[in-house]
Structures are given as C-alpha cells and as structure tokens.
Amino acid sequence: MLKTFSIGGIHPAENKLSAQNPIATLDLPAQAIVMLAQHIGAPAEPVVQKGDIVKTGQLIAKASGFVSANIHAPVSGTIEKIDDVADASGYKRKAIFIKTDGDEWLETIDRTPDLKKEISLSPAEIIQRIADAGIVGMGGATFPTHIKLAPPPGKKCDILIINGVECEPYLTADHRVMLEKGDEIMVGIAILMKALSVNKAIIGIENNKPDAIAHLNKMAQAYQGISIMPLKVQYPQGGEKQLIDACIGRQVPSGKLPIEVGAVVQNIGTALAIYEAVQKNKPLIERVITVTGKSVSTPGNYLARIGTPMLSLIEASGGLPVDTGKIIGGGPMMGKALTSIDIPVTKGSSGLLIMPDREATRQPMQNCIRCAKCVSACPMGLEPYLLMVLSQKGIWDRAEEEKVMDCIECGSCSFTCPSQRPLLDHIRLGKNKVGQIMRSRTK
Amino acid sequence: MNKLTVSPSPHVHSGDSVKKNMYGVIIALMPALLASLWFFGVGALVVTLTSVAACLLFEFLIQKYLLNRAPSILDGSAIITGLLLAFNLPSNLPIALIIIGAAVSIGIGKMAFGGLGNNPFNPALVGRVFLLISFPVQMTSWPLPIASRMSYVDALTGATPLAVLKEGVKSGQSMAELTEKIPSSINLFLGNMGGSLGEVAAIALIIGLAYMLIRRIITWHIPVSVIATVLIFTGILHLVDPQQYVSPLFHLLTGGLLLGAIFMATDYVTSPMSHPGMIVFGVGIGVITVLIRVFGAYPEGVSFAILIMNAFTPLINKYIKPKAFGEVAKPVKA
Amino acid sequence: MSVVMITIATLVVLGATAAVILYAAAQKFKVYEDPRIDQVEAVLPAANCGGCGFPGCRAFAEALVKADDISTLLCPVGGAAVMAQAAGILGKEAAATAPMVAVVRCNGNCDVRPKTNNYDGASSCAIAASLYGGDTGCSFGCLGLGDCVDACQFDAMYMDEKTGLPVIIEDKCVACGACVKACPKIIIQLRKKGPKSRRIFVSCVNKDKGGVARKACEVACIGCGKCEKVCPHGAITITNNLAYIDDEKCKLCRKCVEVCPTNAIHEINFPPRKEKTTEEKTEEAPAN
C-alpha cells in the first residue's frame, strides 16, 4: 500500500504529454528581459546601469531586504534600459533589458560537465553561496532558499524532504530533471543535508513516474541517508504540508511552518540549482520549463535562460495553435492565466500550458446543492462551501475562525464542485482580507 | 489570435455536474422501481408516473410563473423527488392524493425555500408525511404484493409486517405467534411483503447503494451509520427480551429503513456537510427510528426520524467540523 | 365548573407572578440612557449606512452626545442641515461642510479602451483585481464588475451597459462612501458637489507614462502638464504622470478642460459653451 496524505485530495487527469521528451536547450534570446521581482519578497535592487556591458552570470541586481534574492545576467551583452514591463498579471513592473551579443560567461563559473562530488564548504558557506547565487524555490513558490535553510532559533530540523511529486497535471519538467540529472540532484541533496546538518533525506515521487523512481533508487545507493519514497498519485501531494504528511506522517500545525515538525522541503529543481551554485559556482540563470497542452503540436521540456520571451518557447514547440483560448503559467490547478505572451521566463516558471478555446472557459455556476464534495476534497480539512459564503458576505471574523488562512489554494474544491461554483476565487479573496486584518492587528 | 481568457486557478474541472449526480441517483433507483413493478404491477406504474409527472409540472409552473426564473426541471432533482415520493406511497393511492403530495413536496418542501439547494427538509418526505397525517386511512392500506398486480385502486390490501408486529405486541401475542404471521426473512429481503412501493425490495435498494458508492455520488457515512445504529439498538433490545422485541434483521428489512437510509437520508441538500457530522446525523436517525417503532404510536418511524434530523442539520454543520489538517500534530522529536 | 375555576385561577396567579418578576427585573436592570440620544437619533436620516464611520445611526447619535467637540463628526447623508439640527439639540457647534458627491474617475468605455483579455472568474471586482490588472491595457481603470453598485444602499448607482462603467445618480447619492471603499482600484472619490452642482475633475487614475497610458486608452490622462500650466489658481498638480484637481482650490474656470488633449478632464452641470466647441463638450459630460 503506497503512502499518501491523510485528508481529502483529488485525482485530476494527468495528461503528462511531454514525459518522454528529453530536455532540449533553447537558443539564447536576442533580448533578455529580467524582471526584478521574480521571487516572494522585496524586488531586487539593480546594480548596473544603461550601457553597462555584462557577462553571463554577473550580478545585475542585489537582494534588498531580508526576504529577497540576487539576480544575475542570463546572457552576456549590453544593458539597454531598466524600464517597466507588463508582468503575467498585466501590472507594470521594473525589469532589466539586456541586448544579447553572445554568451561569454564569468571566468569564476565552472562550465565543465564533470560531476563534482566532494563538498568542501562548511554549512554556513554553503548557505552563503546559495544566497549569492539567488536561488529560490523552483516549484513555483519562489521563496528565497537560503532563508529556508536557516531554521529560526530554537527549532531543529531532523529530516530533509525533496519534492519530486510534480502533482500538477501536464507538467513534466521535474520528471525529466530527475531522469537526466540524477547525479547532480543527489549531490545537491547531500549539500542540503550538510547545510541543515541532518543525516536523513527522503525524495517523495508519485507512482506515475516509475522510471524516475527506479533511476533515482539506483543512484541513491551511492549516497548515505538518501532514500526514495514512492507515493500514491493524489493531488495536491506537492503541497509542502501534504508532502510531509505523506512521507513521514507528521502534520504541520495550523499557521506554522514545516520546521515546527522538524522538516524542510525542497524541490527537485532547487536541488539541481544548489548543486550548480555550490559545486560549480553557477548562479540561477536558467531553468527547465515544460511547454505543453493538448493542442500543442510538439510538447516538450526546455532548458531556457531567465528572461527568454515565452513566445520563443511556444515557437520551439511548434508555434501557437490558432484555437488558443488560454495560456497558463504553471500547471492547470495552481498556475496563473497569462494576460499576454509577451512576458519573459522567470525563476518560478515551471511550465507553459496552452489551452484551446473549448477548454478555456468555465461552465455557468449553479446553486450549491450542499453535496459536501468540496469538504471531502479539501486536503486541509476545511469547509470550502462555508468559506465561500463567508467571504461573499464579508464576514471576516467568522472566516478566520473557520481557518480560512489554512487554505493552500490548491483548487481541489473548485475542481470538484458539481455546481461549478468558483469556490477558490472567493476563498482567496477572503484569505487576502483576513490576512490584512490579522496583520493590522499585530501592528 | 483570440483574446486570451484570464481566470483564477484552477483552470480544469472534474467534469462533474449537478445533472450527473442527479441522474446517477435516478439510475440507482431503477432496481427498486423494477422490483416495485414486479410486486405491485399496474398500481406501482400509475403511482410512479403520476408522482414524477406532477413533481415536474409543479416545479416548472412555480419556476416559470411564481419565481420568474428559467425553468430547470431537467436537472433531475424533481424527478428524484417524484420517484422518492412514489416509493413512499402505497400502490393503490388515488391519483388526486398523489398530486396533492407532489404539490406539497415541490411547492412547500422545496420551492418555498428557494429551490434546489435551499430546502431544509427532504421534499419527498415532506409530501409523504403531509399525506400520512392528512389521509391516514388511504396511506396505510397496503396492497398485497404480487396478488394485486393487475389492479389499481381496488387492490386487495393487508397490513405491513411492522404494523402486524405493533398490533400484535400491543394485544399481548407472543413473539412466536407473531413470527408466523409475518413473512420470512428471505421474503423480506426480496421484497415480498406489503408496504410502500419502493421500500419493499431490500436487495434492489442495496444494488442502488452499491452503484452510488462506486460512482462516488454519496459516501458511506450516512447509510452505514443509520443501519448500524438500528441494528445495534434493536439488537440490544432483542437480547434483553426476545419475547417483547423482534430481531434486528427484521427491523433492517422492513418499513423503509433501507430506502430511508440509502436514498432519503443521503439527500445532499438536507444532510450535514462533514463526515463526522454525517455520522452523528445517521446515528440520530437510527435512534429516533427505533424509538418511534418500538415505543411510539406509529409502526413506522424512518420518515419522521429523517425529518427531525433534517431540522438538526444546520446545528450539526455549525458544531461538528471535519477534522482539520494539523490538529493531531505529533510532537517533534527533540 | 370547578375545572374552569381552577384553570382561571391558576392562569391568573401565573400571570400575576410573571408580572411581578418582570417589573422587578425591569427596575433592577434598568440602564440610564441620555434622553438626548433618542432626540438626536430622531433627526438623523436612519439610513444606517455607516458613512459616518459608526455602525448605524444610533451609534452615531451616542457618539455625538458623548463627544465634546463634534466638528470632526459628520453625517454625510444628512449633511450640514442635519448636523446643525443635531448640534442645536446638544448645544454644540457643528462644522460647516460642503455637500459632497461621488465621482467615477475613469472614462475608459469599450470604444476608447479596447479589451485585451476576457475575464472568466467570479463576478467581483475585488477578485478580479487580486488576480490581475484588468481586461484592458490599463491596469488602473474600472474593471466593470460592479462592486460599487452592489455596495450602494441608496440605489444611486448603476452600470451603464454600453460603456461598461458605473454611473452615479447625483440626486440620490448621499456621499456615504460605501462605493469608495468597495472599489479595489480606488477610482471613485468623494468630491465637493460644488455650486449649482458644478464641478471639474480628472476622470482618470492611470499612472503610466503618457505613451503607455494613451496606447491603452484614448481618454487617459497622459500627464502632459498642460492643465497644470493653464490653471490660474494652482489647483492642479501632476504626480506620477497623473493630474489631480484640488476641489478646495478649483474655481471652476474650465480652462483646463479646454486644453486637455485627451478629454480626460470632465466638467459637470455647466451650461453649454457659447462658441466653437459647444458640440464636443456637451457630448462629453455624462447625461446625469
């Protein structure tokens, strides 16, 4: 009997169309648009000016504030301008525009393909290196990794969990990384274990990726303390709290971080980036991204530089289908619908899902029939139907009592609802409002 | 290129719909309908068709002319109400009464509260109980199974096993005497007894339950807790005094317990939302049913038990919450 | 007979006992209330809209009675007249306030502000705003889902189906501010109603650079500064590429309206101009 998390969950159609397509390296963009806000927290502060010549991997914007991350040049070239550009939501954000004139890397970066196994740095040095390299959670949350690796005083981590679940339908980037970069991931995990001074790491992988499980199982034999845990396919297993519950049976209490139960969770992609940063001195300037969709002629997985326009990814996959109705940055359950394709790849871009017209729009909403399917589906044990009503009516204190802040926005409720009610839309709004109220209270 | 659609996540849907669930229940009711046609013949057919047609008609009229909404009679919910109402009626009930029952079910039980999703009480049961209280004679004359297949209003009638038992216990007959008067367990299981048309065939109802569980239309919590409670409660009584109290199996197979537990108590709208709440709800129905059957004036108590617990549903929803994630967090190893 | 007598006697005794208990309780738990609260409440409009910042008219009346200085308190619905009445009862000074009215500072209707996306989420401005910038190139403008209309308790607003923008019915608007709070884009503002209800304001909140704003919407304020230069009263300031007319300083001379290249400045309830631009200007002012 395979393990999974204990409450709720759903099983959407997997649609892993690009699972068998190896990672292809995308050509350099003619112009790289590097957003200054690619992570949770304060946007980075530019350290270059218009006209500066930069090399690939050179620092171009510095972390500003505690929760923030460095940003490096993804290509070599000239800084054209630092200007506003519309982000995925249509809001204007600052970005650094680099005109590419080649791919000349900083000399300090080791570009040889050899696997470097020995970890010479101390834990503090490792964390500093990760901060310098601007590494953030690659699963999509984009929380700066170095902060996660420094547990708050009094808390101790005893296990590292690596998220290889990739429970979002369609996405296959992590799957391909596990198959093609197994060695690097293992060293990356060993580095993380050293940084956290733990001697146990578990890689959670859903059972729909038997090849990755087998491959990593073979690799893990050479490393002490790393084990693979196959998990039953169940969404949202990739949620941090769900994954900890599934792998080690500990439930993170409401409103607390995973460190409360002695666990730290990192994504597969993050482990790879950490290997490259610590062993090869290479900052986070590229990532693997899945381009997929039923109407896409050749779905695939690409290694793309940060700042590459989404359009070139789509072109590499056979161009934008004519009947495209919706483009989603990320997976279909938690991804964000893009307002336009003229936006660049960022550190958190895990996928680009193209949906045809007929799948793009929702069905009309009907009365709630109180079937309780949302309650059964909610992985946090909440009552979505109730939270929606409370949020619609603006009864924020009651919403807080009903633990609206525990919602992980996985979308299982809206997915399940037979009446097609936009449960999560309203709950998310409730979360925002209640969050504001709670913050103003502590002030 | 078209304008891109932008909406909040999630961007996919399970494809489930109100219609699918409602028609799923209707399919699950089919075995019981076939059984009723087998046992009660023409009468069952007339009652069922009248009830369903009347429910659809009233729903249509009220939506269109009173509420000025687009009628949505084909969502299946009115058909279910009609079927369930018919299943709770004797197969020789005059057409006029069926129509009154349907009017009460849809008009008072459902639409007065705002239609599908807003009614506090199971509409079919509201109609049934209204008829039972208003027309007790017609509502408690039960055509004999099989024998009265080809006749409608003038069918031969007899009492239900539960009524036989109740009368017998009251007049001081011993359980051994009574056992001979009531049908054997196998007949009860197959449905060869007097009763409302849909409640008799246990086997058909259980097939319906299995179908709904496999299709995930309902969860096991309500039916299992109702049935288990009745079995345990009557089992204790039976153990205490087998002469006074009949065996739990008899209670299980008679008097619409299965119909109620499987199809009426599990009505989405009027049952609680959380799994623990569903179990409390089911246990409540079980306890009240047995209390009415064994100690009350009526031989049969499932309808009342469900309606009473329907009234408690908002309270259960308010106080009995699903188990939240992280509530039983294990302490961290130091 | 005796049954009837006993019944009557029992009920009489029961009733009497209950009356005594109720009277005793009423005396014991009596709460003294300043009678002026009732008097003040009587003159308040009883709209319970919360526009004053208190939960309902009763609470506002209590606040008025309690406060030493009521010049900072205002019932927006009743305005100066009601405040003067209340002040009279209490023997306090009410501040003289000019009547206010809500204005919608976005004029980007479907013709001048082309749609770039289709929104397909729950029909609520608050939800749409937390998701993205909006279904047009302008990430500041009206989302058109009507949260403000839902918030209005006085039926003083409606969505114009042709323009997709909310319209305020001036005569019904009491300036309670509910719509101002409901609008996630902070487009609606309470402004002085002005003499003869005449007022001038910039009907745009776009802070993008001129070119970007103009591209998204033909009637956007592009922050060109012409109005600022032409204003003889120093009422206009430009911050973040957006002009703002201070209604305290504005003398309603209408010079800014004439020079605005995108017609982003609106004049309301003015008589039509005598010469040349007559047609254009009357068209521009909303019908109400």
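As written, the chains take the letters A, B and C, and residue 1 is the first residue of each chain.
Quick note on the criterion: contacts are C-beta pairs under 8 Å (C-beta built on N, C-alpha and C of every residue); 3 or more make two chains touch, one makes a residue touch a chain.
Bear in mind the structure is a predicted one, so any value in this text is a computation, not a measurement.
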Among line, ring, star, complete and other, the chain touch graph is complete
Contact-count maximum falls on chain pair A-B
Taking each chain's mean CA coordinate, subunit A and subunit B are separated, in whole Å, by 48
Whole-Å distance, C-alpha centre of subunit A to that of subunit C, is 42
Per the C-alpha means, the centres of subunit B and subunit C lie apart by a whole-Å value of 53
Touching at least 2 other chains, the residues of subunit C are 116-118, 120-122, 127, 131-132
Listed in rising order, subunit A residues that touch 2 or more other chains are 337, 339-340, 360-362, 422, 425, 428
Flagged in subunit B as touching 2+ other chains are 4-8
Residue positions on subunit A within touch of subunit C in the complex are 84, 86, 88-92, 337, 339-340, 360-362, 422, 425-426, 428-429, 432
Listed in rising order, subunit C residues that touch subunit B in their complex are 115-122, 127, 131-132, 135
Subunit A partner, complex, touching residues on subunit B are 1-2, 4-14, 16-18, 20-21, 75, 77, 115-118, 219, 268-275, 278, 317, 321-330, 332-334
Subunit B contacts subunit C in the complex at 3-8
The residues of subunit A that touch subunit B in their complex are 7, 10, 12-13, 156, 158, 169, 241, 245, 249-254, 256, 260-262, 320, 322-328, 332-341, 353, 355, 357, 359-363, 366-373, 375-376, 378-383, 385-386, 403, 406, 409, 411, 414-420, 422, 424-425, 428
